[in-house]
């Protein structure tokens, strides 16, 4: 494998990072909405979010990518491939992050809300100033864990035909007939991106467990 | 824009068999995953340096690379190692190894979650080590990890879709064949998605019922 | 019994047992380490049949370690332990023989959550003593009745209060018909209002002549039933005394300091 092939793989890697960032940032924005609506007392807001989360957690990400890829044009959007993939990843991430944060919001002891109410804080302030900051901290390990999932998940864009790291690997492998070397390198590149994140997530988790034990 | 689901409906038989293929892949994969998981935990508990390191390395590599890369690697590596398997068996092996890495983490957590006092109480009563494990530790440990194992099984079921990349026999590859014949991409994938949703909802429900039946003693 | 009363006020070195009372539990020069930490230093003591010993001392003094060595939950580095005539070693047979003779009650109860009260009590008698289910159940009901919890036999541990759970744990140990009972801080994990019911059970057990070693800070219990109080610190037996003498006139400075701490909290 020469410098040319390696450069090609690194270009794919940039696309992988790009898709991950878009999916994650979009997922954060919409995920907050999903989480807040999911804990709403009104069933009209809550039930659609339960369904949204259920659909994305109950179907393969690959299917979600295909449906977006072929479905968006039918709705009249003429998206390039990367945009269709980004839409799917964002929706996917919003459901998973929404569910993670829903759990975190509900894990904040109810005494906190009660104390905020007793102080006469308005509803939004109770959420923004008291509950959300604590929920954010609780949810951090799982959020980092999902970031790793999402990064790995972008590889499925390869099956839709989008040239990111894995697809670049397939192409290079077909050119130079050294599949083990190429996929070994591709795997190592994924590891190099995911492993530090995994370690960070685990450290956060341990720190939290240690804090809870005190 | 016109949608035509009739071509998909005509293929209901192939889809049904594809769905069965998916379930078969998920189930066989999970069986291998459990074997890998238990073996891994036993090795870790022996506390020997090199074997433990290898198990940890295996877990980290699997958890930090995409399944698609893993299955490609296995698909090309096995023939080079002189092992000729059909794609479906290769897929089951890949699913088993992938699920096994997660199972190691889950099972280890479950065994560690049983308080040491439970073992000590059993020993103090005169039971032997293997009896203590079988009669005292096993059921509470299984109960502790059952929800995680159940969601791992659902995840593995959804992961089987990726096995289409090496043309293993399962729902997605069946769907892609229908797509190639009919050019009704959206209709096909929408239907596949719905079938996966039904599969995972029903599986989730069945697993929850099974869990309630198997571990009916009250929680502490 | 009166004869022993006279001798037990002396130091361990000059202690003399009546000839007819063979020691039920005997420890000679027992040493125990956790890595570099010297947990038990040359422990020497013996318990005659029917004697009740209260072991106390600050946390980390080795008192729990000591009783956990008696039934080999902790292996010892050197020294000798003899229980009811069985010399303890690392061999499974010796361990089995000793564990058959001594019952143990833990701070955290350690009832098996997936088994009912009755199942908790019949498990070991059936597996270890090879009783039939009917025999084991009969024994279990007898002892559950004895700790006044017979009506809860079909419940799971999680459905009982802490005090009830600990009484079940006592009954479970008694079902093995042990010759001696070890109690490892049996009331420390209990809510205050439940301490009494467990102590009452232990007192009644003591009245019936059971040989007992109790790690506890319940000084009322010590005064009421103990034949001897053994005070440990830093892995050593510092003082061995009759309860009245120990509480009113402790010989050792560390005992005095310890009693000051304990009594200040009561």
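Just so it is clear, A, B and C label the chains in written order, and each chain counts residues from 1 on its own.
Assume contacts are C-beta pairs under 8 Å (C-beta built on N, C-alpha and C of every residue); 3 or more make two chains touch, one makes a residue touch a chain.
Just so it is clear, the model here is predicted, and its values are computed rather than measured.
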Fewest hops from chain A to chain C - one hop per pair of touching chains: 2
Chain at maximum distance from chain C, centres defined as averaged CA atoms: A
Closest chain to the centre of mass proxy, which here is the mean CA position: B
Interchain centroid distance [CA atoms averaged], chain A/chain C, Å: 55
CA centroid of chain B to CA centroid of chain C, Å: 48
Rounded Å distance between chain A and chain B, as computed from the means of their C-alpha atoms: 21
Per-residue multi-chain contacts in chain C, two or more chains: none
List of chain C residues in touch with chain B within their complex: 71, 73, 92, 96, 99-100, 102-104, 106, 108, 110-115, 123-124, 127-128, 156-159, 169, 172-173, 176
Chain B-touching residues of chain A, taken from the complex the two chains share: 54-55, 58-64, 66-67, 70-71, 74-76, 148, 152-153, 155-156, 158-159, 166, 169-170, 173, 179-180, 183-184, 186-187, 190-191, 194-195, 198
List of chain B residues in touch with chain A within their complex: 1, 3, 60-61, 63-70, 72-73, 76-77, 80, 154, 158-162, 164-165, 172, 185-186, 189-190, 192-193, 196-197, 200-201, 204
Contact footprint of chain C on chain B as seen in their complex: 115, 117-118, 120-128, 131, 135-136, 139-140, 143, 215, 217-220
